[in-house]
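Following are the structures in question.
Both complexes below contain chain A, partnered by chain B and then by chain C.
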Partner chain A sequence: MAEPQAMYATDEYGRPFIILREQAKKTRTHGVQAIKSHILAARTVANVIRTSLGPRGLDKILISPDGDITVTNDGATILTQMEVEHQIAKLLVQLSRSQDDEIGDGTTGVVVLAGALLEQSEALLDRGIHPIRIADGFDRACVVAVEHLEKISDKVEFTLSDTSNLVKTAKTSLGSKIVSKEHDKFAEIAVDAVLAVADFERKDVPFDMIKVDGKVGGSLADTTLIKGVLVDKDFSHSQMPHSVRDAKIAILTCPFEPPRPKTKHKLDITSVEEYKLLREYEHDKFHDMIKRVKDTGANLVICQWGFDDEANHLLMQNDLPAVRWVGGPEIELIAIATQGRIVPRFEDLTAEKLGKAGIVREVSFGTTRDKMLVIEECANARTVTVFVRGSNKMIVDEAKRALHDALCAVRNLVVDNRVVYGGGAADISCALAVAKAADETPSIEQYAMRAFASALDAVPLALAENSGLPPIETLAEVKSRQVKEGNSVLGIDCMGRGDNDMKKQFVYDPLISKRQQYLLATQLVRAVLKIDDVIVAGQAEE
Partner chain B sequence: MQRAMQPTVVLLKEGTDTSQGKPQLLSNISACLAIAETLSSTLGPRGMDKLIVSERGDAQITNDGATILKLLDIVHPAARSLVDIARAQDAEVGDGTTSVVLLAAQMLKEVRGYIEEGVSPQIIMKGFRQACQLALDRIKAIQVTVDKKDPESFRSLLLKCASTSMSSKLIHSEKPFFSNMVVEAVQCLDQEDLDESLIGVKKIPGGGMQDSLLIHGVAFKKTFTYAGAEQQPKSFRDPLVVCLNVELELKAEKDNAEVRVEAVSDYQAIVDAEWEIIYRKLEAIEKAGARVVLSKLPIGDLATQWFADRDIFCAGRVPTADLQRVVQAVGGSVQSTCSDIRREHLGTCGRFEERQIGGERYNIFEECPKAKTCTLILRGGAEQFIEEVERSLHDAIMVVKRAVKNGDVVAGGGAIEMDLSAHIRKHALSIPGKLQLVMIAFAKALEIIPRQICDNAGLDSTDVLNKLRMKHANGEKWYGVDVDGLEGVRDNMEAFVWEPSLVKVNAISSATEAACLILSIDETVRGPQSEAPSTGPRAPPGTAQRALRGRGRGMPRR
Partner chain C sequence: MSMNIFGAEATEEKAENARLSSFVGALALGDLVKSTLGPKGMNKILQSGSTGDINVTNDGATILKAIQLDNAAAKILVNISKVQDDEVGDGTTSVCVLAAELLREAEKLIAMKIHPQTIVEGFRIASAAALQALEKAAIDNSADPAQFRQDLFNIARTTLSSKVLSQDKEYFANLAVDAVLRLKGSTDLDHIQIIKKVGEKLTDSYLDEGFILDKTIGINCPKRLENANILIANTSMDTDKIKIFGARVKVDSTGKLAELERAEREKMKAKVDAIAGHGINCFVNRQLIYNYPESLLADKGIVTIEHADFEGVERLSLVTGGEIVSTFDRPDLVKLGRCELIEEIMIGEDKLTKFSGVAAGEACTVVLRGSTSQMVDEAERSLHDALSVLSQTVKETRTVLGGGCAEMLMSVAVDNAARTVTGKKALAAEAFAHALRQIPTILADNAGYDSSDLVMKLRAAHYEGRMDAGLDMNEGTIGSMKALGVTESYKLKRQVVISASEAAEMIIRVDDILRATPRRREAV
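On to the complex of A and B.
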């Protein structure tokens, strides 16, 4: 390849001259060679996370430069932490992140699929097919596949009282994660949490209303769902009662202290007399504030700011349990949950503005002296908190991630209850459909379409391989059964249950998740195939 | 363009040729050819993209000529004039920025031999200008005009122009979808002045490109909110909207003021006065009847909660451009005090809503009575993709806008260039002397467009060009390159590869001017300032990458 001459011209006397700034430091590759090297880079990344796909997929331990350890099976997390340097490989990282943002699950699968598509296109490039025609063919195939997905999709029925199908979905999503031994519990939690906040009419699941908190200690089995709010604070005075029934809560964003102007001010105290006056004034103010709170009938104060020991003591004496230094987001959650109003100053406090909760209690954990406040039986049941426990930080973190996937999986079903069958069943069925469409296509695109069909096999192949099954044979057998029986629910039996019927095994993926995987992977592959020239500004050597 | 025409002193960077006369001219030509060579692979429906990584480590993927040249950071003075024409083409008509550069460079290449032989640049320039005039007249003579009166066929004209401009881009496979979107967006605008800046563009990463959507109104991302915002209503019908440039926060009224407090009991009075000030503002807003309150400046937690208690929606720190678009759409004006808000200061819209799009929440104003505006919400699997989509849509919007103004079109895919080439050649034969040679060189240069489209598509360009020359000799004036079929050529007017003739007019005239400009430079003088480093203070290399590192994903905050 005559690469340099492009950026580096010579005049008729052979003297070189510079056209670009810092030309010497820019590196550049282009042409088909460049496309191939990009494909290689992308495939390398895809291969790394291929082994974590599926219920028998392995976890990865990632150690950051600071020595932080992350154990995870989540594709998006692995890729983000891998610190990929290569420009094209970075696109894969973004790809799985967008799957994560939008759907929350399937972040490994999408990269595996993109890697397989790129592998296939390499062969096509070798046969001399123009990269853009390959991309066009993939696009056509993708349209066929997405249409086929809709055709084979099934509706998952559920009601508020019968949630068994949702639980099964959550279990599938948790199947590949560290929490799998507790997956009954986690699945129940995920379903209950989503159903508690979901708005079925608008098909909207406000994730803001689900708070996921975690603390090291205990075991995964101690993880609980709190139908209410959990605040990482305790009552301000140790002699206050440890629980309040039928709480009427004053939610304050003003401190328990004499009001101070925001304008700069100066008060000269020149005599003992004046000092006494000031003390008295402050004392009166405290009493006044407490009286105002009590007058509204409140029996609990939640305060965004602090108060000093004197105020604390007074509160205790007046039987007014209080919590201080509660953060803004928690204040908001408490207000929403208890249907109270956030009150900015004592003058504005009225009985209607109080929040109501059945019980507010302190809970403590194991041997630690940490305490937390649980606010339950709230006026508005649509706020929940999941409290994750685990023996160390790595497990708690990974459990939170797994839970996030499960929450997303359930949410996706609430938003759109169509599913396709997992374990590669849908992929195999789409592969068959695309291959059939390819046979009916007269133009060059047919080759790319067939390649797309082969790439779809990557997911079942990886699933089989990760489960210790002979990949090719297993796939071939399932595929031929799908053709023979015309049954699109047959997939890879990863768990060795002796049954390939994914419907019976309750392994399914939301339709929107699969659809998005196909669309995103195809889009990425088009972009990669279209780039024939990478120009990198060099870094000055220093 | 005019401005770039007479550079008196061209600044030089190290490495630039300081020779004079012919050698200088020839070396300038080589520089331009090198630039064109870099761009050439991006032309046409099978054009490829470039991934350009800046010094700060951020990557851009693009097919747009103007963008590539901008990112390449070209310092060669003669070559920079190519950057200028690409930019001018981009501002003027949006599309055709690659073509214009290739044309200019090819014109220079075709006459390089004559320069070496000692033909005066003046003659070449004269010949180019004559040929250019011939070309422009010819376009006027043969362009096809679509009647605006028939909305059906006019719309389909716009769709075709939009999709031709998209055919070389990443969104190629979604052409029908995006053409519709672009045409609809342009038709939302006031048809008299067609101000494309009223088309807002918002990018939300995630989702497929085909999940992009057009909103008939204004949309902007939910701003930072304080506790209490979730208790506000999130959807209204026919609300009054007030746009403010007022900070709604409890704070010291004047920063440098200081009050002397005589006795402790005065404390309360001052505090009350402070509260009084903010409450008065809030009450004034409520009394004016506003249900949606927007402000450029922060709206604090106190105000947020106060509004929540009264079922009013508020958003603070709204970016200026967004607020401006809201005002234009809903009417009213931006208020800088709350003291005298009257009905005419408020705007209104049919529907206001906070809605989830992808992973983000958006504030959306629809059915706006005043200005006609719309917002494109772009989706895509990676930020770079979305940015490229935005650039491609910009091209298409500009093209459609031009086409709305005058419905004249020509056929693309090299058809018009082949026709002009044949026309000029025929005409040149009637002119004696060197001028004839120069005009023929110009005619040859025009063939670069079909030739490059073929080369990029992997077709045999010599063969295709021969076929095209034959067709055009027989008067089949709309025959151009067909990258899909086996023949390699087809009637591109019938195949609906349409482009507004303005794109071509502009491209050919700017390319000619640029070529002439470069031919007129025979000496470059190094100005004293050019020694100074031209870029500002630079961050140490790799800072950006380092800063990005080790952040981890953490738990998504939801």
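On to the complex of A and C.
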């Protein structure tokens, strides 16, 4: 029974007016005021995560509605977990998420840049420049900046045997996270993991082959890369052997239970004979299932479903160690790793479909009977698991996120080995290029382009500020040196090493990551500037 | 110059406020558990809000688990103490106190306008130096069984000395060591069953040489059985249901119903016959044994014990060497459990079943007695701590000295390392050393000694090269921990330093707390 939201009417003099339903509850902002309020909201978001940027950026504690705690430094995580209500702020959250999905790293930088661009456009609006002209200018500037990025980009050479450059990239990505304590270790794990699964011909890195698993206990230094699969399960019967060598694995997605047809049916027992027959059938069924498995030569059963007590004991009696309730994604991973086939019915089980692994063993942790299964020396060496340890839950979670970022950074290099220098070096260089282009632009857009150039300075400024350096002074110095020496690798010396040469400090960012940041931020700013009216419908009365 | 972008009731605390709130929370928590540290630490009463139940304890993890907190940093500390409990089983208070002390030092440094990341760097240098020193000081006696047993005994004694069992620590230390050595290297503490019975006094607790199952022998069965062959089963001894889906009985006359009932009984009888075919005289089932099979088994002279639970069945199979059976068609393949004597015994007013003269004996039973249920509960927790530490020590056999000795050793090493560091990081490293020294200070404070005097004497002793010097808590003097036999597990100490510094680091790095709208809960 939806009534029209608005109605056209005329007053007694014939002048038209619009009557809106629930007028009192609607709020509307429009014109420059709307844009300005949007800009303010976006800047608020940018300010929240600005302090997380860079190697000396700080973390945030996020408290969920249930009081659970997340401690993180990852822009995308902060933004998704903080409860943002404002519409424009939500756009920024989306922005960092799309950077996360596409590139996986640089999620903080993109938001800081977008915030800075909007801040700059506020001043332009005050001067009376039309929002669309501003957006056009930004677009033009962005094109210049992206072209310049490609010009100053450098190729990073690496081979399977010499991965030092990849490790350095991973280190840049990890530098800002809590895992920097075990910097080298995590960087190497990330590189090894990516190289283990990477397909160099197709320049593709299938991420689903890398599983990141974590368990509290130990310290970050105990984190390991397992060339195989780790499953958080134990053997179904406590008296089964705890390790299997040269495992031939039957991977089943059918339960060790009597068959259970999907169609609804009823089986009526009307006589003693039927009862006995059924009993026989049930009995044989169990033996048959075990026999089928045994006949293929399998010596380990991995099953997605549960076992009946009887089946469990029969498995044990027949020397078939078994694992039950293994989740779907894990089953798939095991199948890929061991090159076995997932078998949905006992009838389909053959020797060829078995997966092979060098060793499957159970490891236990701590004083609570926590056990996990490690499947190693698999037939397919291209599945790896990173097993993260840490002294508390929050640190393990954060380490997992950090590792994901590092994996992405390395993946990006495998896909495209061009890099630009970090520490704000690329941003400063682009700012200079854009400013130069602005002077050569005849139209009104040159103001917007200049603004874009100043906005690019936001990243090095935030870096310097977070590192405890005087921001403006430091930026001015580096900028003038870049111009004077014509050297685009000079950046902010966040770690206080006394050297501004980012090439020597090995601070890289993949080119595609930086480019994506510029493109996404510019796009978002255009979207925000184009909105000049927000009508929030009032809540309908209950 | 900002606007509200968050949902209603979501809040943000920034920079100084955020730090203040996390430091205050962590320090408050540290101060709360601080007084329970060490052999002269005090206990706390935890009263449940809903039921009013009382719990007297000085176990850090238990205290922390019970308090409801609304402070993010405090929750991190609770989490590390929980992990410490899971990993090593003891040192839950120490880890919390050390983390809080580190944060107390960090607060001072931040007040001096030192960048949090610089503090973190300093702490990292310091914790690396501390761990190195700790590893160097660790002694491994695993090659010499007698010496190793002495080590284990010392560790157990040290752990127990801070608990309610401290009066009888020698007794319980022996008990714990014996229990753990029975496990033969397994760290699964479920294999040590602790039976709590109120009554008598603490020293009447004992480690049973056999195995006690907290179940009674079925009715109509003899209460004593010698040379038992035991079948341990996990099977339904109800009228066996047909497991095929959708099967149901549909009959049209009572006559047929009776026939079916007979068939069911026959099936049960066949099952009982199959069980009896194993040549057993004792049958232990995880699930219930119904009257009919029970009487059938009793007729065959088989002693039945029903409803023995997962743990009970598993332990029993470990003790007697039998396997847990669910099908009975292949008696030749089944390994039966063996024991010399099964009898029903009384502890207090309860009847239990005791299996003595067992074959394998990789599990054991400790019977704890005490005057009040709180006392027994606390004794159980203490014993559990000791057992956990011991079982971990069996795995990682290195030991270090306790009584503040290891802390002072690390603090000296950190101080030395700090001297070689240039820049502000050195300040943070020194602060770390100071925080480490707080542990012996608190130990001495809790015992009512002049902590400043003692700790400085202790430090001097360490600088003079007496690496085994620690606090003698009975005399209030500095003594050789080696001579006193105050030993702690290396793994425990290492985990304390790692966890505390990782947690402190995590909290220092925070400069913003974003709190989402608390989820509304329906009023009960």
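What we mean here is this: the second predicted complex is superposed on the first by the 496 of 542 C-alpha atoms of A that agree within 3 Å, B and C clash if a C-alpha of one lies under 4 Å from a C-alpha of the other, contacts with A are read in each partner's own complex, and residues count from 1 in each chain.
Going forward, a residue touches a chain if its C-beta (ideal position, glycine included) is under 8 Å from a C-beta of that chain, and two chains touch if they have at least 3 such contacts.
As the structure is a computational prediction, the values presented were derived from the model and not from experiment.
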| item | value |
| --- | --- |
| First (chain B), second (chain C), both or neither touched by A:R345 | first |
| Touched partner set for A:T51, first chain B, second chain C, both or neither | second |
| Partner chain(s) touched by A:V534 [first = chain B, second = chain C, both, neither] | first |
| Touched partner set for A:V212, first chain B, second chain C, both or neither | first |
| Chain B versus chain C as contact partner of A:G306, first or second or both or neither | neither |
| Partner chain(s) touched by A:S98 [first = chain B, second = chain C, both, neither] | first |
| First, second, both or neither for A:P470, with chain B first and chain C second | neither |
| Touching partner for A:H265 - first (chain B), second (chain C), both, neither | both |
| First, second, both or neither for A:G297, with chain B first and chain C second | neither |
| Overlap of chain C and chain B interfaces on chain A (superposed complexes) | 64-66, 81, 83, 85, 258-261, 264-267, 278, 281 |
| Chain C contact footprint on chain A (complex, rising order) | 37, 40-41, 43-45, 47-48, 51, 55-56, 58-67, 69, 71, 73, 78, 81-86, 89, 178, 181, 216-220, 237-239, 257-261, 264-272, 275-276, 278-279, 281-282, 286, 308-310, 312-314, 316-317, 364-370, 390-395, 398, 467-468, 496 |
| Complex contact set, residues of chain C against chain A | 1-8, 10, 12, 15, 18, 22, 70, 72-73, 75-76, 79-80, 83, 85-89, 115-118, 124, 187-190, 234-236, 242-252, 256, 259-260, 262-264, 267, 314, 317, 323-327, 330, 333-334, 388, 391-392, 423, 495, 498-499, 502-503, 505-506, 509-519 |
| Chain A-facing residues of chain B, complex | 13-17, 19, 23, 26-27, 30-31, 33-35, 37-38, 41, 45-46, 48-55, 59, 61, 63, 71-76, 79, 170, 172-173, 205-210, 226-231, 250-254, 257-261, 263-265, 267-268, 270-271, 274-275, 301-302, 305-306, 308-309, 356, 358-359, 380-385, 457-458, 484, 540-542, 545, 549-550, 552-553, 555-556, 558 |
| List of chain A residues in touch with chain B within their complex | 5-13, 15-22, 30, 64-66, 68, 70, 76-77, 80-81, 83, 85, 87-88, 90-91, 94-95, 97-102, 128, 130-133, 135-136, 139, 204, 207-208, 210, 212, 253, 258-267, 274, 277-278, 281, 304, 328-329, 331-332, 335-336, 341-345, 397, 400-401, 404, 443, 516, 519-520, 523-524, 526-527, 530-540, 542 |
